[in-house]
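What follows is a pair of complexes built around subunit A, which joins subunit B in one and subunit C in the other.
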Partner chain A sequence: MTERDIRSEMKDALTEIFNVGIGRAACVLSELIGDEILLTVPQLGMMKRSEFIELAGQMWKMPACIVRQSFNGPFCGDALLIFPARDSLELVRVLLAEPSPIETMTELEREALLEVGNIILNACISCIADMIGHEITNALPVYIDSAPGVLIESLVLAPDWYVIFLHIDFTVQRTNLTGNIVFILDVPAIDAFGTAVMSLIEQFNGEP
Partner chain B sequence: MTAEETMLIVDDARLARKMVRSFVATTRPGMTIFEAADGKEAIKILEDMPSLSFATIDYNMPGMNGLDLAMIIKERLPSTRIVLLTANVQAPLRRRAADIGIDFIDKPVTEVKLSAFFNRAAPRAADQR
Partner chain C sequence: MKHGAAACPSPKIQYLCHLLEQVIDLADSGVIILGTGREVVSWNAWMSRHSGVSEEDAIGRTLEQLFADKLAPRLLTAISDCLAHKRSHLLSSSLNRQPLPLRNPSDQTSEGAVIQQAVTVKPILTIHGERHCLIQVADVSQAARRERFLRAQTNELSRLVDELETAKDAANRANVAKSEFLTEMSHELRSPLNAIIGFSNLIERGQTGPLSNEQHEFVTYIRKSGDHLLRMITDILDLSRIEAKKVTLDFVNIDIDYFISESIMSVKGLSHARDIVVSYAPPECTLPTVRADRTRLGQILLNLLANAIKYNRFGGGVIVSSGMPMLNRVRISVSDTGPGIPLERQHELFQSFNRLGAEFGEIEGAGIGLALSRNLANLMGGTVGFESRPGEGSTFWVEMPTSGPAPAPNPIDKDDVAPEIPPLPPFTLLYIEDNPVDRRLIEALFQTVPGARLISARTGEDGLRLARQQQPDVILLDIHLPGISGFKTLKQLRAQAETVEIPVLAVSASAHSTDIANGISAGFHSWLTKPIDLTDLMAVLSSILADTGPFKGIPKDIPEEI
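On to the complex of A and B.
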């Protein structure tokens, strides 16, 4: 197998692992808001810090609401759930069953969004842990109002650190909501994660 | 198991196809397996098939979704036992799968889940022989 094949195999496996995690998360979110969540096919990219900061600047020109959850295990890093600020307000309105549009984020609304982030990121991280057969522990989630590029710049310190970027659109039938999930891993973490994913792939490589 | 049993695995993720293939090899050794990465590829494979025993179909794929593909397979080969194998485990999707008479397995697939599907499929397969 060439290095290119391994990268392609790894990308395929990572996409599937995250896909399963997000499917679980969407189910929980769907139960919370009493509506079906339509999911797009996830797109996964793995890139260096500098490339990602450039991409983040292009992708998120509007203010965003971010829930950050650090995780620790055979590899450690940060998981971010990023919603455009306007979509977040709509999601919170649906969650809290508010009849009229919400203009600004109060403490209660922040807490609601934090809980949504907690559910989605936990479902993803737990699923990844189950699939690769390692325990991963989560820190408490934190709510951040920031431009994603600025936050990522502050989290990803070394230029050779990698970012695993997963883009998925969530559409709630009663509203339109787009969310993105970003995983940030440093070089030792991405190596450890890669080893765990490769061992999962190898378990099923016996069959043609 | 009869020698002519066949299965079509439709999933855009290679890992998912490998997992199903591996578990089928353990639970139903000897079954002939075909793979497709999306609905279009699956339909192409089906063109040359006079019958198909089982199909596992992902829901969220590029192009056609898994339920639409299941409907096409049911129309073309009605005796095929189909299971929607998906990470999207929401109740409305489960209901839609049940409404068109296909089974449902939530990802990640395991040997136990796949065996249970074969066991559920067995009585109807026996009726049709």
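On to the complex of A and C.
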């Protein structure tokens, strides 16, 4: 199996895993607000951090609302949930079922968005932990108003760190919103992913 | 917090533990530590105060044992995940109503008693590496209350803004309706005035037979009152047009010196009647011409002159002067010897329909002259102002921008001299008009014109037939006709070979520039506004019959809309 094949297999496996994680998060959120929330991950991309910074600059021209959660374990990194400012305001107000004429996000609305980020990112981290068979711990989420590209550039990381980049679609009460999840991972993480995917494939091939 | 202290081995650590216990107890938020088996190992004073469960009762028991089903399931899931996988959780106050059953003992109100909480659940490790769970509870009730208040206030503000917008729209609509009403009314009032002014004019001129002195005096009153009413209607119409931004201006260069002399001539009758001397002191140097609409500037100056005469003492004086108060501005001042305007009433001067001093005398007018003058001056890039000394008199002035360097002296502008109307050659005029009074007026007028033959028709259809049969020299065509309109009649006249060359004059009560422009572009030779000025009509006929081109006093090109 070539490295490209492994990469491709890894992408497929990760898409699958993230969909499971996001599905779990959707269940928790639905229960919390007492209304159905659909979350899907239609697309996943993997690239080096330096490449991603360039892409981020093109994707987000305006500052966005970012929920950042650092994690630790056999490898470390940062998980980000990113929404355009207007969408994040709409999302949090749909979730709280509390329309408001105030143009900016209030303190408590921001806290609610942090919880949403915490639920989604924890669900993803939990699935990754299950996949690699190791425990991954996380810090509490923090809220950042920034251009995502600038934030990622400001994180002191080696250029060969990897970025897993996901689109995430929210559907709540006929409102459709699109956000992004970004995982910034160190090299051991990618190695661990590779090993885990290889063993999954072997398991699959070994089955009668 | 006695539980943790027992594990401290050395005095130094015991000392630190003692301090830490106090720090946790003094904290302004709830602190709970759960052990590996989910039992409470630490419970601070804040928790005791707000849960009603003392530290002694809490230690060693699980949250489920303490609060049964009053706990939010999400909190229990977070605790499990924290102990099993060392993951941190955040429970926001907006998405979680009462993760723990906590109340504020010092707040007795039903709203304030329940504590809104933001809860964090974090993994911690003991010195032996055992997993514990740290729960911190922050009271965000105050913030929630503030946000509710802010939201209500912002909602109220939005509602007020909406209300204001609605009120503003309604006021704008009412204003538009008022302007439309005024335009419509002015138009309607002009039609009957045609008969009043026209017939009284004929009688006054003696064209219907000789008059006694008394009859002449009375008919003059009728004619003057008609003229006055017409001026007021025109002023009201102008004011509403200015408000609707539909005034048309025709800018030309005007020689001020001559213009003033001419205006003073126009008020001679008025000044004589009140025994007031109106004098003009021309400046020593020649003033440059000003750029303005001649009719409108004339309207302003006549208004100032008429006011100076009307609001003056009997036998008083009016002095007109001109000068340049600053570069590129010419000012015409009109000073009177009237009673002046009390200081406290000066601010009311330029308000429409406000006639200062009217309550003390019999001064005629609608009270819109000054408002109209100021609006017109502003439209032309000028201003109208005043100075008044109670008991001594007032000076009103109009200031206009100059149009360039001073012109060569040219005291008589040929354009401004009323044209000499030569005797008319014999001619036939067809008058198509449904209003019998208007028809009668023209018939009476033409009875006195030698060589004139008048034929009349009541409808466009009859008019077309008569035009074909009689081949008149000129057609006078009313615009608002029953059956086919004036415009359609003109179109058909132009379509028939026998009538295509006959000049057609429009007669209408509409003085609106758009209508006039439409009329001229449709092919009318001229547009006469009711009430018909008999002198104007004769001048137009003379110009047509002599084939010397259109009369200059009638709009001959489309004025520029502003």
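One rule holds for everything that comes next: the second predicted complex is superposed on the first by the 188 of 208 C-alpha atoms of A that agree within 3 Å, B and C clash if a C-alpha of one lies under 4 Å from a C-alpha of the other, contacts with A are read in each partner's own complex, and residues count from 1 in each chain.
Everything below uses one rule, namely that a contact is a pair of C-beta atoms (placed from the backbone, for glycine too) under 8 Å apart; a residue touches a chain by one contact, two chains touch by 3 or more.
Remember, it's a predicted structure, so these values are computed and weren't measured experimentally.
Peer 1: A:V20 in the overlay: touching subunit B, subunit C, both, or neither? Say first, second, both or neither.
Peer 2: first
Peer 1: Regarding the shared-chain residue A:E115, is it in contact with subunit B (first), subunit C (second), both, or neither?
Peer 2: Touch partner of A:E115: subunit C, not subunit B.
Peer 1: With both complexes superposed on chain A, which partner does A:C124 reach: first (subunit B), second (subunit C), both or neither?
Peer 2: In the superposition, A:C124 touches no partner, neither subunit B nor subunit C.
Peer 1: Tell me the contact category for A:E36 with respect to subunit B and subunit C: first, second, both or neither.
Peer 2: Only subunit B; A:E36 stays clear of subunit C.
Peer 1: I'd like to know which partner A:I201 touches here: subunit B for first, subunit C for second, both or neither.
Peer 2: Only subunit B; A:I201 stays clear of subunit C.
Peer 1: Given the touch rule stated above, what does A:I82 touch, subunit B (first), subunit C (second), both, or neither?
Peer 2: Neither: A:I82 stays clear of subunit B and subunit C.
Peer 1: Using the superposition on A, tell me which residues of subunit A are in contact with subunit B and, in the other complex, with subunit C.
Peer 2: Overlap of subunit B and subunit C footprints on subunit A: residues 31.
Peer 1: Please output the residues of subunit C touching subunit A within their complex, sorted ascending.
Peer 2: Where subunit C meets subunit A, its residues are 73-74, 77, 81, 85-96, 118, 120, 122-123, 140, 143-144, 147, 150-151, 154-155, 157-158.
Peer 1: What residues on subunit A touch subunit B, complex-wise?
Peer 2: Residues in contact with subunit B: 9, 12-13, 15-17, 19-24, 26-27, 30-31, 36-37, 39-41, 130-131, 200-201, 203-207.
Peer 1: How about subunit B: which of its residues touch subunit A in the complex?
Peer 2: Contacts found on subunit B: 12-16, 18-19, 21-22, 25, 60-62, 86-93, 106-108.
Peer 1: Would you mind writing out the residues of subunit A in touch with subunit C in their complex?
Peer 2: Where subunit A meets subunit C, its residues are 28, 31-33, 95-96, 98, 100-102, 106-109, 111-112, 114-116, 118, 122, 125-126, 129, 135-141.
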